[in-house]
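Look for chain A in each of the two complexes below; its partner is chain B in the first and chain C in the second.
Take a look at the complex of A and B:
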């Protein structure tokens, strides 16, 4: 075949392969839609979806100025200035584009399918990135790996409409453009990197990872003595354009010049100017003393700049590291000072099974890829090495950052596997030393020690000195590799379908006979609220459900997943942790009409409010240490109990009462059992004076209580209830009380 | 002895002796004991009754502990030095303030019945006894002891000093001790570096040194070492069958698992390195063939081990290989 034909065929096959990979990436993310329905998942996506609907129906300006009075009642929330709008803007553009070409698609379906669609793009950008590291075959392999790796699927299944859905594509593509800018010293690619960096800043708070990775790479290159004008051009164009662009996002504002997270980028920018200047002068001046002077001056100015940054930080001009980022380094910090961050399950440290579940065979192949990068060690390989070590540390500290580790693991593993296959597929065989002596010389068979020099040299030119003999060895290794990759595919499919495709709004369960059933309590309860309560009725719940209530029930909430106001959240925690009498005035002051709690005791749903109760107490006691005490909720043995040994504070708390109110009636006398905490409940259940049970969902997961209006006669509800209940029997006593009241 | 008498006199003077003679006798005995034992009053059952009597005008922070070797109370041993440093810091306060507050300790071996009566089943425990009488009696009249919450505050002295300062008459003048050992190590390290710079620089500038460090770190990080450090997981767990190194549950692990898993990952990665770099350099076909098969078997075998370990963690996991 002509070389032209080979080239065309190869690029055709490449395009087909990439399309198939994108198809596989999208298809494997559709389990959630097939098993359940096209629905928005979890918590945060519900807010993003709600915001996107506002954007799609009212236009961008309205969206930008949107003040949401129903969130954080009565404070409200300026949505436009407190979100990363990239995700909503993306779906808004796609939605309007589809409308424009007369494809009437529901905005919900655009939102649901956004993450899978972008995973196809991620596969492509990973291909481009890896191609810069090794070659196209490694690139294709990396694309396959990232397409189906559970570590990335976990955040990008259909319906998980969150910032990460588009952020990983942007991350990889920005890195690709940076590598390209560095390799070519191109201001064009540097600016392109800056533009995609801007998109990333607009889309996800994790942009700080890029803001620190690129400077770190540049710094390491300078320290390795690899400064070049390519580096200077690439970095300067990226930093200058990228920083100015990122400041256009209202939520980011002036942070790039005032906070510590961004100081590394600024510092490296300054350092590069210094280095560039010294290099320039050095090339024009020959005097050795002058060069020494110049070097010293550069180092001094660099140090002075560093000291200036430190002083400015101490003076408060530059904000220190925010808690969320600081807790990555000082891992005990969050638990002591910001329990609200420590309470989120995705901020927990990662145990090894999570690494294995998310990356499977890649987790032990990727070190080989890193080693191969060390072997070549071109400028771009340094990037992969830094990325690998930083991301493994971060992923170890926080489960959620597994997402940033996954791409580099896929890239490094692809480099390793591709090199392995290159070595073992290569059909050329080396000259065997066992055969050589007998055929080429008359010396004794074992004399490899004294080979004839001219002869071996001529042989070397024919066949490579190192390589593999025989077909079976090649087949063994290739078969072994493909076998592991087959298991990898099976593992990914299983993990995706079993662990990562639950919408968590709708739960799947299995009945005793093995048939599957769908538990739809959340939507049942939220729609009940929507249909049966006044539009301005304020609903109090723990912050986890704020976005869902706003999205599905369309009712004002006290707190939601935005968690910007710790005191407000602590107030809700305090209300749940206090007794009815104390909670009631608190709720009245906040105009609360309904209280929503989750109870998993009946069907073993472990993510219920009583399991989160300790965090509520902890957060509340952080603000009111004298009123809410964690120890009051533990038995003297230090146990967290809900049975008859529960402490008085516990069994009188609003959370306890609301969870178990009338729960005992479901069971025979004395049979009541909490199936989540595996404890037997007291025979007599709690009573409620200040609240009425308004709604309980089918499986008792969601329970809604109405806050009673003030008593008509001005009594407190406890007295009023005692009066109406005790009227027949203890007339005298109640009458005396009434007398006392007057 | 004269000095001591003077201190007692001063203390009594500031207390505006309203208490009976017996209370002041107890008080002076406590002051004496505290001075002799570095600020911590060692209690026995009798002294415990006296220090916690209803008419106490002093506040007490009481450590319940079990230091006897046969109790095997590791947390007690961990906590005791922190408590002692706080008490030591307190003993530097001026006498009239100092003697209104005591740090005391009660060992299980000395007062089993006290522990039983208080229904204390775990040690260490730290209780704060407010004053029962006199000017420092709490306004709300609650003179029952409150427990210091180890769950939220931990064992560390700095936080304990901060929390307890709200309870003592004056804040505890605790300063974290200067870490001389750390400073020494740093200085020694720098000196060693400078002296041996000629030998170390080639090592530091070698890419393979960095490769070894970075790859080892990545493998260890991905084996969950940060989980163990942050959560403070034990080295091995105790079950009814004895020590177990493999923690049950998907989101949990023990310290030893880090080593095992990192070892498995490292060996697997090395097998690939061997297949890529070492095997093609073997010049004898027979030896090379043997090496290829050995490394392939190592990969399959260790991967099976990994899968079976993972199935222990995630019981619903369906895939197994060989094992």
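Take a look at the complex of A and C:
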């Protein structure tokens, strides 16, 4: 065949392969839709979905200026200025485009399918990125790995309509463009990187990762003595355009020039100018002393700049690191200082099995790929190495950052596997008659080769000195690799369908006989609220359910998953931790009409409010240390109990009473059992004076209580109820009394 | 707002149709215990009928006519002249009266020294009754009649009672009052009066003894009430009278120590007028708010907007059975609150526009869900409460000032950089050409 035909056929196969990979990536994310339905998942996506609907129905400017009076009642939320609008804007554009070509798609389906669609793009961008690292075959391998890796699927199944859905694509594509800009020294690719960086800034708070990765890469290159005009052009064009662009996002505003998180990028930008200036002068001046002087000057200026940043931070001109940032370095920090961050399960340190569950064999191949990068160590390989180190650390600190680790693991593993296969599939045998080494040897040629075509090199030197003899060794390794890959695919499919496809709004349970049942208590309760309460009835619940109440029940909430106001959340925690008569004025002050609590005691749903109660107490006692004390809720032996040994504070707290109100009636006398905490409940259940039970869902997961209005006669409700129940009143004390002979 | 007005209009039409003088209806149920003859209260009952009330009489233990049917009250007002009845029919029992109060049925309840279900019911209203069988007595002024028939001068500054009315004759009990803001005295006991176990002076030792027992002291003095009013949260009125005899013909026609006729007839009607929503009845006709210079309310207000808030208040005039605009409230206040009042200002009556109260305020520099709250509670008067929720939002993206003087350094920086860039480019390009030509010539 003519080389032209080979080339055409190869590129055709490549396109077909990429399409199939994208198809597989999308298809494996559809388990959620097939097993359940086309529904928005979890918590945050409900807000994104609601915001997207506003964007789609009212247009961009209304969305930009959207003030949501129903969130954080009565503080309200300036939505336009407190979100990353990238996700909603993307869906809005797609929705409007589909409408323009007369495809009347429901906005919900656009939102549900957005994450799978973008996972296809992620596969493509990972292909592009890896191609820059090694070659096209490694790229295709990386594409299929990222396409089905559970670490990425966990946040991008159909219905998981969150910022991460598009952010990973943007992350990889920005990195690809940065590598391209660096390799070619191209201002065009630098600017393209900046534009996609802007898109990333508009889409996800994790953009800070890019903001620090690229400068770190540049800094390491400079320190390695690899400064070049390519680096200068690439970095400067990225930084200047990218920073200016990112400041256009209202939520980010002036942060790129005022907060510590962004100072590294600014500092490296300054350093590059200094280095560039030094290089310029050096190329014009020959005097050796002058060069030394210049270097000293450069170092001094660099140090001065660093000191200036420190001083500005101390003075408060530059905002210090935020708490979330500290919690990345000190895993105990959040628990001590910001319980609200520590209380989120996805902010916990990652357990070791999670790495295997999310990445399977890739986690073992990953170090090999990094090692291979060390072998070649071109500029772009330095990037992969830095990325691997940083992301590994972060993934170990926080479960949710497993997401940023997954792409680099896929890239490194693809490089490793591709190198392995290159070596073993390569049909050439060494010409020497010496006994070949049994260990794997390097197949590629000299490391000084041009970066663009690493693959052709092995063919240039027709007869390599080292290599493999015979077919059996080759086949053994190749089959083994294929077998591992096959296991990997099976594992990904299994994990995706079993662990990551639950919408968490709808729960699936399996009965003893194997039949599955759907537990739909959440929607049942939210729709009850929607249909049976006035439109302006404020619902109080723990913040986890804020977005869902707003999205599904369409009612104002006190707090929601956008945890911007710690005091307001602490107020809710305090209300739940207080006794009825203390909580009542607090609820009245906030115009609360309904209180919603979750109880898993009946069907062993462990994510209920009593299990979160300690966090509520902790958050509340952080604001009111004198009124809410954590120790009051523990028995003298330090146990958190709900049975008859529960402390008085515990059994009188609103949360306890609301959870177990009338719960005992479900069981025979003395039989009441809490199946989540495995404790036997007291025979006599709690009574409520200030609240009426309004709704309890089928499996008792969601319980809704109505706050009674003020008593008609101005009494407190305890007295009022006692009178209605016919109890005798203690004789009232007379305010003023007179004795006869006074 | 329109529907509210229509509602009011229909209500007014309804009330005129009934031709009653009360603002809330004319059907009165009188629960009269058999021991009391209807004729002995003829002046009081005739006075009510003359003012347009339909009186229905019923003994406490009779089953019919029902007070409430299908959760709808059949009567607008209930008079309890059953001071010594120990048990009531189920729909008349005190506990079933609480839901009735929520439906704005008014009560006039007479008490007596006897211990009845009404005694514990009174406690729910914050009345503290003296021990049973301890009627009120007083030695002043010196008079011929029995010591437990007092004559009580009426307060001079009362807005409920007609001023200048002669003292009333009273035979019953006094009571203490808890600091419940809904409860207020209409007539206080005379300073020299006290509750007593015996009205015979030679048995005074018993009184001293019993007053020392249990540390209760003597139920005496002018801080005790004999007639008290109570307005519930939803606006129903309850009048507690320590004596049923106050309304009787005997006392109405009775003579005081100075030979003057007792003021019971007028006072009894005044108490009934208040209790049956005839006097001191106010209502809010309309609430309006809009930005200065506009006429329609906005869905949201922007921070620092100037907003006009207008409230229209009417008062019920029983002589004409009409609602008339009322500008007589001098201490009306408006609060603009979010959790706490951010603004508290007085609503002044507008001159020349009766019934209208208006104020202009600047919305605070704070976004959130605010409420315009008017909460006016004065003893005896209908409490006025209205809360209007309005979100206050930050300015839209195009509502900020475009050029700020404080930003001039930034403008200067941007302009100088642009100019510098252009100059540099020009110099660079020009210099490059020069160099090339130089090289060529070389």
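We take it that the second predicted complex is superposed on the first by the 692 of 742 C-alpha atoms of A that agree within 3 Å, B and C clash if a C-alpha of one lies under 4 Å from a C-alpha of the other, contacts with A are read in each partner's own complex, and residues count from 1 in each chain.
Here, a residue touches a chain if its C-beta (ideal position, glycine included) is under 8 Å from a C-beta of that chain, and two chains touch if they have at least 3 such contacts.
In this text the structure is predicted, and so the values were computed from the model without any measurement.
Participant: Looking at the overlay, what does A:420 touch: chain B (first), chain C (second), both, or neither?
Facilitator: first
Participant: Please determine whether it is chain B or chain C that touches the greater number of chain A residues.
Facilitator: B
Participant: Contact-wise, after the overlay, does A:254 reach chain B, chain C, both or neither (first, second, both, neither)?
Facilitator: Neither partner.
Participant: Intersection of chain A residues contacting chain B with those contacting chain C?
Facilitator: The answer is that chain A has no such residue.
Participant: Would you tell me which residues of chain B are touching chain A in their complex?
Facilitator: Touching chain A: residues 119-122, 146-147, 149, 151-152, 159, 207-208, 210-211, 214-215, 217-219, 221-227, 229-231, 250-253, 257-258, 261, 264-266, 268-269, 272-273, 275-276, 279-281, 283-286, 288-289, 292-293, 296, 299-300, 303, 306, 310, 313-314, 316-319, 321 of chain B.
Participant: Please name which positions on chain A make contact with chain B in the complex.
Facilitator: Per the touch definition, chain A meets chain B at residues 331-332, 336, 348-357, 359, 361, 363-368, 370-372, 374, 377, 385, 388-389, 392-393, 395-397, 416, 419-420, 423-424, 430, 432-434, 465-470, 472-473, 476-477, 480, 484, 487, 490-491, 494, 498, 618, 621, 629-631, 636-638.
Participant: For chain C, which residues are in contact with chain A within the complex?
Facilitator: 95, 98, 101-102, 120, 123-126, 128, 176-182, 194, 207-208, 211, 216-218, 220-221, 223, 230, 232-234, 236, 300, 338-339, 367-370, 389, 391-394, 396-397
Participant: What residues of chain A sit close enough to touch chain C in their complex?
Facilitator: Residues of chain A touching chain C: 61, 64-65, 67, 69, 73-76, 78, 80-81, 536, 589-590, 709-715, 719-720, 723-724, 726, 728-729, 732-740.
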